[in-house]
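Notes to accompany the following structure.
Order of writing sets the labels: A, B, C and D. Residues in every chain begin at 1.
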Amino acid sequence: MSFEWIKIPYALLTLFIVANYGFLLTAVMAKIAARVGRRHGIPVWQNYVDLIKNYGLRSSITHGVMFYLGPVFRLTGGVGLLMFVPTIYGTEMFSNMSFAGDLILALYFVFFGSLGMALGAGESGHPHSAIGVTRGLSQVTAAELPFALAVYAVAVQYQTLSVTEIVAAQQGGILHWTLFSNPLAVAAAMLSFLGTMMRPPFDVVLAPQEIPIGPPTEYHSSYLALMQTNRAIFPIAKIVIYMNLFFGGAASWPVFFLKVFLIYLVSVIVGVVFPRFRVEQSIRWFLIWAVPLGIAAILMV
Amino acid sequence: MVSAIYILAVGLGAAFLIGLLRDEWRAGAYGVSLAALALMSLISAGWVWVLATGDGSAVDIMTAGTLPPYAINLRMGLAEAVLTLLINLTGLLSAVYLRDTLFKQGRRALATLLVFTMAACGIVLTRDLFNLFVFFELVAIATGGLVLLSRDQRALAAGFKYLVASQVITVLLLVGIIFAYHATGTLNIDGMAELSALVLQGGALAFFLMFIAIVLDLKPFPANGWALDIYESAHPAFSAMLSAASASAALFAADKLLLIGGSTWLPVATGIGLFGFVGANLFALAQTNDRRLLGYSSVAQVGLILAVLGQRDLLGDRYLFIAGGILLAHALAKAGLFWLSGLIEGRKLTAWSALQGHPILIFAFASFIALLVGLPPFPGFYAKWELVIALAGQGRLALIGLILFGALLEAGYLFRWFGQALKRERSLEPVAASSFKRAVILSAVAAGWGLGFIWGALSPNGNLLLALPLLFALAFLALEPLSVRIKNSVAIVGMVAWFLLTLPSYDPLQLIFAAVMLLGGALILLASYQTQGQRIGFYPSAMLMYAGLAMLIVAEDAFSFFAAWESLTIGSYFLILRGQRSEPHALSYMIFSLGGAFLILAGFALAAGGDPLFALAGLAEVAAPIAPWVFLLLAIGFMTKTAAVGLHIWLPGAHAEAETDVSPMVSGILLKAGLFGLFVLLMAMGSQQLYGVELTHLLLWIGALSALIGNLMAAFQEDAKRLLAYSSIGQMGYALFGLAMMNHLGWLMALMFVINHFIYKSMLFLSVGGVAKRTGTRDMYRMGGLITLMPLSFIAVLIGIIAMSGVPPLSGFGGRWIFYNAILTAEYRLPMILIFISGPIAFLYLFRLIHTIFLGQLKDEHRRVKEAPFWLVLPQMIFVAFLLVFALVPGLALRRVDAYISQFHPSGALGWEGLTITSDFGYWSPISIMIVVGVIFASLFAWLVFVNRKAQKVKQFNIVFAGERPFRPETTHFAWNFFAPYRKALGFMTEPLVERFWAAVVDLLHACAELFRRLYTGNGQTYAIQLLAFVVVVYLLRTGL
Amino acid sequence: MKDDFPTPPVRDELKKRVVETPDGQTIEIDPLRDYYCQSAPTVMPAAYSKIVEGLFNWARAESLWILGFGTGCGAIEMRPLMTPRFDAYRYGIQWRPTPRQSNLFVISGYLSVKTLKRVIRSYEQMPNPKYVVGLGSCTINGGMYFDSYNTITRLDQYLPVDVYIAGCMPRPEALLAGFEELKRIIRAGKAEGANQYAEQFDWYKANQKRVIHDWDMPDYNW
Amino acid sequence: MRDLYDRLKTAFPLGELTEQRPDLAFVTVAKEQLRSLLLHLRDQEGFTHLVLLTAVDWLEEGNFQLTYLMNNRLACRDLGVRVMLPRDPASMDSIHDLWPTAATYQRELREMFGIDFPGSPRVDEDFILEGWIRTPPYRRDFDTLKFSDEVFAPRPGRASSDPTEFMKQQLYPDKT
């Protein structure tokens, strides 16, 4: 097996671009949400400042090995997810490490970070961390279901599990996108997307008012910095999957920026409009509204 | 050879001689009786030897020197020889057993005993009807006398009731004989048979009267209240004789009479017999008195044999083998159990808990129960196999159903009794210490095993007692006095050696299962080094299970497969029963397993079409319309072991309550036996349709539902081992789902689950067991914060749950990847919804497992807890290594299997070039994943260590608590009712519907038993009326037919 | 005040106790020692490089994360800061629900002795560097509660205070002005309250224990 | 109110009736009669609700005055029952068995005034103050300013003014 070492700098470049885009994007999204409340909101560079500040904090504590490793798991999950999916269609340069596995790898690697984070938060011994984790896990069982069904429908539709091939099948015009060739699957997946973005109405996991603030309660300084970085990278990595599966992928960086922005915007728009669901409410919501769409999708392809 | 008539002569003579002795010479009288009985036994034994070795042939003895019908003649054939031997030996052993009582009662009792034995032999030997009547009278009178030997006050009443009943019987018999003589002009049985008595004027009625009289003497259900009172109140040694000797003799008489009746009367015998078998077993369910229970069981067994007598037309030359097998097994077991009951003071079933601490007696108890139920390697097992095969061959399916149902009931109450004896609080009453009595019991045990060997030798299917694995397991009975370390080493070496020995003969599929079961079993046995002392009973049971598994894998014909299946069931039952509070769970395990085994038996029988040597490969040739039924029966049978939903209720308790090193055996290994069976089934039969329903689709739904319910239930458990047990149900659901997909990758996934589930479930059970051992509880919310104290256990659980949840880079992901590729070619999509939802639910219980035990707040009493014992940790660490290796190079195990499966599903094989595994749809490179993840993880970790090198290590209460501080660890550890919101949302799916269903079935059976039991009022007149009513009903039914 | 008053009894849950382990030994649990880290705070040096420390100080100033803990009536004046009218987020100010992630503690108004205990805990749990803003007259000199038996009169006796914002109550605009002043101090590298607290730890502790009689926690809450 | 007072007067030795409003009045009763009076009011007169229980420190007379304020929901009337206690030792029978809520008031009085209610649940535990070890702070002989000055280290230079004078001076400096 010959490994092309040039892949490593290429992957780092992707990572660099995505991380910066992520920092800016989340700030812009915060600004958009603020504008809904007629505020100006944070400056677009605020995320960088917060990151530097967090690295700049001088003291920190640790509750134990898993606590220490939690954020590492978390960020590994985000970076790894990004690495396992080709970012830009048609370039060898930004196909990252996608030779290691296909769509299924990406789907399951999503959980890597959450699992490690949950363990780290658990070792802090803080009850709120555990409560947040139980809420998150409970919600994810229902929220992931429509997405899994949609992915299955798409894989059956294109008869492949390779992300690149799925994107390839969608080239040649906007009407070739899965969005138009299999709208049921996309609808199901987008509802699921709302559930995994940690925004209202599905943000009971963090719920700052009741369980400050869920799993990351005990995390601070450089731990928090790692998690913030993940918060910039991970949603984008996840959106890249959605983009590739349903919205025709991106053949260049500008298209990438635009599509990611628009997909992200969906969850923000929903988030600023709706109040928060309790866990059992959101589970029922997914089972009643999103799952039937997914079932219809797998039966129709 | 000594003439058989001397049996009668010696008995009668000795009885007279004793009558002449003076009352004081008790020892002399006793000696004479014993000598007489011994001599009688010797004569019978001589005949058995001569006839069995083929040196002689059956002999007719003309008493008056002339041919019948002018004189009475006796016959000594093989059957007669065996039965007289049985009767005489029972008499002899009972006499030994009764030594004290007989000394007290004196020569009259001795004489009665001798007359009883002699007369019973007479019934067997004689070929003359009137003579038969005389012997019956003698037996009846002697019985009446012997009943009074008991110290029980009720014995007197029982004896009286018995005399009333037997008078009715005698009258019927006598009238019948007179009519028959009138019709045929002969009293000789063979003579009547030749004349076809039934066609003659009045012959039918005459025969009916004689036949019904004999049948009544068999104490048929339900006209048998008088007999049960005797069983309950008479001296147990006498009950033994009544149950073993007199019933055998009467059965033989019935057999002789059926010669006259010819084939038209056979269905009547079958009907009465089966009705009795099922009915008496049902009634026995409600019994709490040990002897009465044994009485019911006797009635049931006699009914079964009567039913077999009724089927003699189709059993052909195997008739004696089958009927004899069941009869002898019954006689030995029943005599043995009655004798055993004589050692026990209390009459409640639970009083048998006095046996605890007497391993030899418990072994005897277990042997007798196995004899009765017909488990391998006892004669009843061979007999039942051939019986069921033969019945199925002739299409008598209803009979099979009733027989197996009755047998299941019987197993139910017997094993419930056994469980109570072993697990209830030990009764304080001592077990009688008489060495005579024990010797008698042990001789019955020895005879049982001996018969097992003989029947094995006679069986065309091969002798189980010569199978090496089984012998190896049984050898541990002899090794029991040694210490655990020695026995454990022997066991491990034996299992590995057997694996190496048989290695060349395995195909890849068998190899995987063999590796999991034998090598895996040996690995788990490492954990057993941590126990101390002798650990009596563990090794024979465990080895019996492993022997069954070893034989299962290599079985090529249906019989050896079934025998292996039964062996592993018994072994695992004893293993599970060892747990602290496992009595009810072991029982439900046994009942489900035996029920499943009986379904398998029925399935094989259906497929075999009458061929007892049916090969497994023959399943492929079974054609419609039976094929789908065979498929269904076998599939349900196997699914009792994989605990598919609906048949799963035994599993959580059985796995959770088992000992620390037993849980991984029964979970990691035993469940795979069911999967292996399903593999064999699906490979041979493919998919089948029944009424247009694709049966594999049904399996898909069952698998998916098991996965969902198992996972969901696991998420709501507070008990760590129960959690793991439920998760096994879910995991087996996945495997079943994969198999039922009937495509290449589905099967590969099922195999991947076999390996993965074995590794991580064994590992988790061991580490959780170790934690439970150290913390003294299995409730997770009582633990917490153990990560620093038990780091190795934590690592095992961590690796285990990452692997189990399917998160890359560990091996669970491989299973998920194959799963996704497999479903892309599946034709049927709906059940996948359930599978998709159960995947994330696994995270729920896995996180709960690791969090509530190892993370969170450490409890006060656990502050000094040590890491689990070395021998528990060692196998865990080996498993961790395996998991990592298997994660990196799954091809090691899967590549060859992949090729092997191509025989059955040629399309869809994986590509194994280089480091990447490719399917038709996607690709996966385990090593690349591991490297990428590893590099990212390591760099980020290094970065964190660099920027955060001065982190202050804090303790458990240094958490932000809204300006407050935590109160106590117990109130700070969030663990109990962990997924409360989830329960709110989906808790309705965890309603124990299945449990309620089975509880309702059991309640219904018990209520029936309780209701109809009232027939037995204890009133002699009622009993007499019941007798007559029985006669009338049988007559009406018969003539109506 | 006379010192011959009895000290209040130790709380039950903090008393030493004897428990039996699962394997039958009896062990003694000393909750304060076993549950809490006993280390004292240390002075945390600034970054080795002046440029880096300058960058850090700028970032700290532009990213003020306030602990969401309203200690007194002044908390009501902080709420408008989140609203469109004042929108403090523009200035890099936001509220965090946990002290671990906050670096600014606004003591909003009067501080009773009982609350002081919670404030100390929360303050000590914040990572270094951390800043304290005293809001309202009460924190400066007791304000209208100057003669109360349970309200402290000078916050700086107990915690190092970086900025006081006078008024009863100060308006949100005053708060914003105060925060701008704090930013200036931070950027100048003069907001070393946490290190001051560590340096004069004994003095602060003595002051705190003088008013808090039932001291039911370790000396430093990590 | 007056008719109620007259009715009560026949059974209990009551002090004067103080009518504050048509629906609010106060009577004084001896310590020993209190319990039977409360019981009577609760069970016979419909004063089912204990609104509050509070104390006044009559330092000069050496008494504590306890006020049990009762409410008759149906008649919309309140009646305050006053009991005078000697300040030293201040002890009163507990009525937590009549109204469970009384236990909470009694804990408060115990902590703030040092009035003991033997037998009242948790009466000796901390209520609001944590670890208070000095004179109960609501007793008038406890000088809070002195205490504050001694314990809380007042900021030097702080001055107090009379609000009226101070505001006059601020607003109309020419008029002083």
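Just so we're on the same page, a contact is a pair of C-beta atoms (placed from the backbone, for glycine too) under 8 Å apart; a residue touches a chain by one contact, two chains touch by 3 or more.
Treat the numbers as computed from the prediction; the structure is a model and nothing was measured.
At the far end from subunit D, in terms of centres built from Cα atoms, lies B.
Separating the centre of subunit A from that of subunit B, both taken as means of CA atoms, is a distance of 53 Å.
Distance between chain centres (mean CA atoms), subunit B to subunit D: 79 Å.
If you average the Cα atoms of subunit A and of subunit D, the two centres end up 61 Å apart. If each chain is reduced to the centroid of its CA atoms, subunit B and subunit C end up 70 Å from each other. Residue positions 952-954, 956-958, 960 of subunit B are each in touch with at least two other chains.
The set of subunit A residues touching two or more other chains comprises 55, 59-61, 212, 217-218, 221. Remark: the chains found to touch one another pair up as A-B, A-C, B-C, C-D.
Within the complex formed with subunit C, the subunit A residues making contact are 34, 37-43, 46, 49-50, 52-53, 55-61, 208-209, 212-213, 216-221, 224. Residue ranges on subunit B touching subunit C, taken from their complex, read 774-777, 860-865, 952-958, 960, 963-969. Note for the complex: subunit C touches subunit D at residues 1, 5-8, 113-114, 117, 140-142, 146-154, 157, 207, 210-214.
Residues 1, 55, 59-66, 68-69, 71-73, 75-76, 79-80, 83-84, 97, 99-105, 108-109, 111-112, 115, 118-119, 122-127, 130-131, 133-135, 137-138, 140-142, 144-145, 148-149, 152, 155-156, 159-162, 212, 217-218, 221-223, 225-226, 278-280, 283-284, 291, 294-295, 298-299 of subunit A touch subunit B in their complex.
Looking at the complex, you find that subunit C touches subunit A at residues 37, 41, 44-47, 55-57, 59-60, 62-63, 65, 68, 83-84, 87, 89-90, 92, 94, 96-98, 100-101, 103, 127-129, 194, 222.
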